[in-house]
């Protein structure tokens, strides 16, 4: 599988499909949808091959920026990349077209392809009016998210990262309910503001990194191999954080960008509004993939490039993650709108992912990767269910619905599995991720990990409140004429439910791939933290 | 022969006339007077140019001043043409009336 | 000479104030004529005979006449005195004070550059010929050799047609444009181009206004209308 | 002549080499003269021929400029005794100006016909303004700068008031004229001071004089600042921007499109030449002012645009903000090639994008009036999907989204600011960019919302071949500048690489 | 007893119920009731048969048999030093004993359910859930890795949740299910945290082997590994105490022990077979199993073990008191279950593991019997559970009544099952456990209470006159429902006697169970198993216990069968009159939890939604945009349209800049 630019094919296939899609007549909705599904399927197959390659093949390009001895000299474990591709782009400023995939991104890539395929499958008549546009935007978004996952060049990454907003913006602004404009604007401005800060930090890294040649470099691996030395900064009062160095600011910029996308709590308010107003097919891949990009970015860029600052700020970051868990859970407990409940539940779950990442522990990061995949599956399922229920009852207010189980036994069963997955019941896929994450966090911040455990209890509460509120109790007038899901809908939901269970019983495939790469990330973090020679005051750990 | 100690006074006068013209633009509402004030400013600049030219024994300032005079004349032509258009006979001559577009 | 210059400058300043503060437009115009004339005198004192002439001919002779003509045409009413409390007035006075103080202080303390040639390039040599006095504080006026032999007018004219021929030509374009503009703006509507819809702005969503020349235009518009 | 033969007078006479350097301007100026004459003979209903002729002339000038890029070479030279720089910087800006001018000419006939303004003077004046801009971009002497500015300004004064019977247009013209002359006076006084304190009007000599300078000269820096004020007015940087929204709104849209873009390109070219090269030695004196103006522009432009309801006004404020971003590049451009490169790239990007956006407004124009209110844009997608997509694309580019030209413009100037160790400046840019996304996207969304019933019933004019091709060209340019970055960036690097020809 | 055989058999035990569950769930509706009945019961029967084979295997291995642990598949492997989990199952005496009860009693109850659910529409769902429960429970007891155990643990909770809320149109059932689930999740979290502590500390033992030494794959949460290295946790250290407390919290949640007990009475909302199987015989005893399974740790943590014992005993006492005044037939039995499990917990807390498991075994028989009999009553009363409207049912439902009587006697500890296991258990309490005799004294008081409530229930339900039309018309249900009851009654009656044979004359100790479980509880432990109280003490304790049971039974008969009001009047006296109120209101635990946990959480959530989210989280964005809009307005105001204003701004800034720079230059100069 070497030699041929597979990753480029993976990257351009969807957008190519979108372009060809424009040649189909507007009225041929079946053909349009079929073509979209075909492209998404082809993409999924390609990605499956890539994942297989990562799982089985040897990592290549031990030290692409220089001789292998250089990596050894700074005792740096290179990121174990597969299928790397590199080509010149803007040579004069050191930006290149550099793609690669490793254990961290492989399964997220698979999730990406799968969720977009799902999104393509669930496009229904409700969007037929502008089906071609919808499908085109969907495929373009897929290229953008794929690009985010594949880029190893910071500028290229940023291009996809920010470019992702554009198709999403139109997708969300064209379709969806009456509040969509406000919600979408909020989302885009929020995320764009964060991203712009990150752009600044990227530029800063470019210029601040020594020894990367006359034109500097935006290449992740090159930057990693040329760590920035110790810096002086302003002491931060009342904390154990020694200094606010330029690198600290740069890290904060990255962290804020990713935290907004993820989202972590003080930056989350765009999410419920958006999820509430977005159309279901878009929501499937939006919630399933796009918000995971923040988590992915944190792993790939923030903790590797900024290991010094990230270690210094670790207590704060972990605390924020736990705050997200608890806050999201409590909000989910008090909301009444299905989609808002799911949105806040999502915030809570994403808090777990953040917790795993910021634990800076192999278990935690592995868990975060596993959880990214799992949560993508679950949240897509939850929103599909929410969409099906809304389409049938015409409301999203849980107070107006009850006793659906009698009318929709099949939906009930599938929804049940997904709900259980969402509340992290052992034996479902979420449990794998959550327990691994909490183990990672527990070693350093036992109290916060225990609080996160409280979040699990609250998750049981609000998810059961949602599930039972909809499915159980004497039925209300609104649901008396409701029909069960059709076979087609069931065939979309069932694989998700099956995955919830399968990955809960046999998570090994994900763990085996992610654990290939994660040690390198943690080593990178440790090594460059040591090189930054900043004293690390462990907080919250008495071990 | 002029004493070199006179030179600051030339500049000072130029500066005074210049800011005086600016003041005229600020406080006068008649567009014609505003325009005249601008001419005053241009003349002030010319004074500075010629003063420098003479002071430095360099003819460039004078050439420059010559160009300025021509340009000022051209500006006046266009400006007055516009004003006859805008402030047609009977309309009050007041620049403050020109505020249809704002905010 | 110094006294003459000082007197002229003071008179110029006073005349300039007349431009700004006269309530009647025509007085302003006359004050401007006076200012321009006094400036011409100043130019003469400063050995700029050519500019003296141009200033009188172009400004006093042409521009100001134009002004007066327009004043007569439009017959503006006298303006009420600007109030001293007007923030603009205050700002203007402060600007005068600030700029004058800055200029005065700076020009007394400032250092003026000695422009001596360091290479033999044409531009530099040219500069050295006429511009470079070893001590500019020494005298006002042109280098004795040039002025004595050719006079100011010749010197300036020579420069205009040689070194500064490009700017000089550009001025011709400026004047041409001004002429076109003045003609276009002042002439009455001509030819087939119709006036727009009376300056009225129909409400959005209103019916399209039917105009007589519509058909003609439709043919004109590239790609057609509608 | 014999009388003068023995005199120590200048005998330098311009030759063919000088003319070659000025060839594009000469062609355009010739076109200007011919157009005036042609207007007399071309029948009124055939005035589109004038447009075609103008386009032809502009194309010719463009070709010569392109040739000049290679002919001038990396070093370049000055022609007409230091009055005009024949180098790659001027060739680059000339090309950008000519392209925008060409596109403006292309959209004009359709627009002018609908507005009932199709007169021959329009093309003549446009051509004169183009000449002024090209001269300004290449000017290497204070005198030429002043004259070029006046040439383009006077042309634009008239063009702003080209709709003679429309009050708004006339009002715009008067405002532009009075404020423009006012600003010219500042510029002139500043030039007088600079001339006086350095003894020269040629930029080359000013630069060498400044390099030689010993102690500081307060009058000189005062003059420098006044010159900057004059330029800031032309590029409509806040707080010297107040004329911009009113004039942009009142002027006929095709004129607005032209002047919002081409003037800015020319003025920024001269700003770069004067400040980043000629006044480089005094960098520490003027840079605080430029930085302050850049920040004020970004803040005022973006915040004021938030609450606009007219596309033209919004684009005007957006233009003010964009001027602020480009000023970042200028402010840090001394000794930092990326600053000037970024500014040049940004200019090219801005030129195409903004022209495209205004072109959309022109093709939306219906009989006798501009349709520039947000309400008019509502539902554009349903009437004219391609126009709406193009407009959306331009707005994204203005907002600086990746894969559009605007992104790399912003990226490069921010990068320059950071390389110039001025992170705070970049931070201002970032913060205001985030704000700007709001109003750009708000407009973008409006186009895709369903229009009110009566709006839908209205018959909207078709885009037409000319309008369509302009939209296509600008959109394609925006895309190319956003993706094939090395292409233009290399050009910008080469353009930046030469300083003022002849300077030490 | 080869590993392959064990793998296959264990897998079969797991697979049969799982297959049954899937068949009923997916095909039950299309294929109908008959299919469901067969598939649902046969699968469990098959599992029971396989279990018997396993039992024979373990039995055949003799007293020295070792636990056999086999790996089914690799669950997660994050690399050396990180989480590495295998799906391991272990077969030893303890798990087989549990499996026997689970599948055996489970099979009987499934058979019973065929009759009990014959009129219910959701029978397919019911059998699917029930089979799934058997699967989960089997997984729980077979698991040899803590994480897998937790999975089984949670799967049990899930099936319990599903079955409690089986009649989902009943609001009370829905709420009860939710409450049960949330309580279980609390227990899960405690277990998970315990697992973390074990992982970190047991791993470190290995990690200290030295740097650079290649470690083999360490599945550090594997139970055999944990137990083998339990000594690394120390003896009585805070760490091991904490771990054991956390494990105990998990056990308490599952076994409905104070303070996590409130879900169990509410769980009676489920169908009665569910109560019999899950909330009496098997699931709720999982806590006992857990502590018994982790005895190598509890042995090293005397403080934690003592806490367990104290909690068990106090729960037993409390629920015994509550059982006295409840009016719902199933709730009474539920509280009695809590009480009995409290005793088991007490037993494992003091280290008398075999005694605890013995009581578990016998309790499974008679408690299932009581529930099924109660189910018959409810069935006959047409879903009426209020004992106040029953009465006189003995005449109408003879088999049920006699069976119920056997169950009551077994429960009270006279003649039948309870007599052996309970008194044996209490006998250990004489010298073991915290403040040794004190808890024993409580235990004998509980004996009295047990007799009281057991015969209160029997008297009120079966004796006297019918107090309603339904009671009047009640009739014995069909054979499919009575047969399991009778079998269980037989088991309750004889099991004690059989297992006690041959009787250790002086000690009344269950030789068979002791010997059978000995390899589990006596291998590789160096800690403090309960000391044998010795023959003399055991005999005395037995006699006292028996006396107290008889006392309780006698009092019960006096008050509720003979209606001796004088005896009942004791509770009206001032010294004791708080007791009935407290008892009737279940010690106000629901109210307290509501006030302390539920309401504050809800209020907090509401506050977040109403105040924090809009004002704080969204507030700062709104603030920023508000400021931006204000500035925008200010700039628009400045844009007045007046030329003179514009010029003013230009002059202002031009002069400002110029003068400032000149001054700066001058200063610099």
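Brief remarks follow.
Letters A, B, C, D and E mark the chains as written, and numbering starts fresh at 1 in each.
Convention: a residue touches a chain if its C-beta (ideal position, glycine included) is under 8 Å from a C-beta of that chain, and two chains touch if they have at least 3 such contacts.
Quantities reported herein were computed from a predicted structural model and do not represent experimental measurements.
In terms of the stated touch criterion, the partners common to subunit A and subunit D are E, listed by label. Note on connectivity: the fewest chain-to-chain touch steps from subunit A to subunit B number 2. The pair with more inter-chain C-beta contacts, choosing from C-D and B-E, is C-D.
Measuring from the averaged C-alpha position of subunit A to that of subunit E gives a distance of 37 Å.
Centre-to-centre separation of subunit D and subunit E, using mean CA positions: 78 Å. Taking each chain's centre as the mean of its C-alpha atoms, subunit B lies 5 Å from subunit C. If you average the CA atoms of subunit B and of subunit D, the two centres end up 26 Å from each other. Residues of subunit D found to touch two or more other chains are 143, 147, 150, 154, 157-158, 161, 164, 167, 174-175, 178, 182, 196, 199-200, 215, 217-219, 222, 245-246. Multi-chain contact residues, meaning those touching two or more other chains, occur in subunit E at positions 636, 639, 641, 643-645, 647-648, 651-652, 655, 658, 662, 666, 669. Counting partner chains per residue, subunit C has residues 88, 91-92, 95, 99, 102-103, 105-107, 109, 112, 115, 127, 130-132, 136, 155, 159, 164, 167, 171, 174, 177-178, 181, 185 touching two or more of them.
Inter-chain contacts occur between A-D, A-E, B-C, B-D, B-E, C-D, C-E, D-E.
On the subunit D side of its complex with subunit E, the touching residues are 174-175, 178-179, 182-183, 186, 215-219, 221-222, 224-226, 228-229, 233, 239-240, 242-243, 245-246, 285-286, 288-289, 292, 299-300, 303-307, 435. Across the complex, subunit E is touched by residues 186, 190, 265-266, 268-269, 327, 330-331, 333-335, 362-363, 366, 403, 405-406, 409, 413, 420, 423, 425-427, 431-432, 435-436, 438-439, 442-443, 449-450, 453-454, 456-458, 460-461, 464-465, 468, 471-475, 504-508, 511-512, 514-515, 518-519, 543 of subunit A. By the touch criterion stated above, subunit B contacts subunit E in their complex at residues 19, 22, 25-27, 29, 34, 95-96, 98-103.
Contact residues on subunit E toward subunit B in their complex (touch as defined above): 636-637, 639-644, 647-648, 651, 655. Looking at the complex, you find that subunit E touches subunit D at residues 628-629, 631-633, 635-636, 638-639, 641, 643, 645-647, 649-650, 652-654, 657-658, 661-662, 664-666, 668-669.
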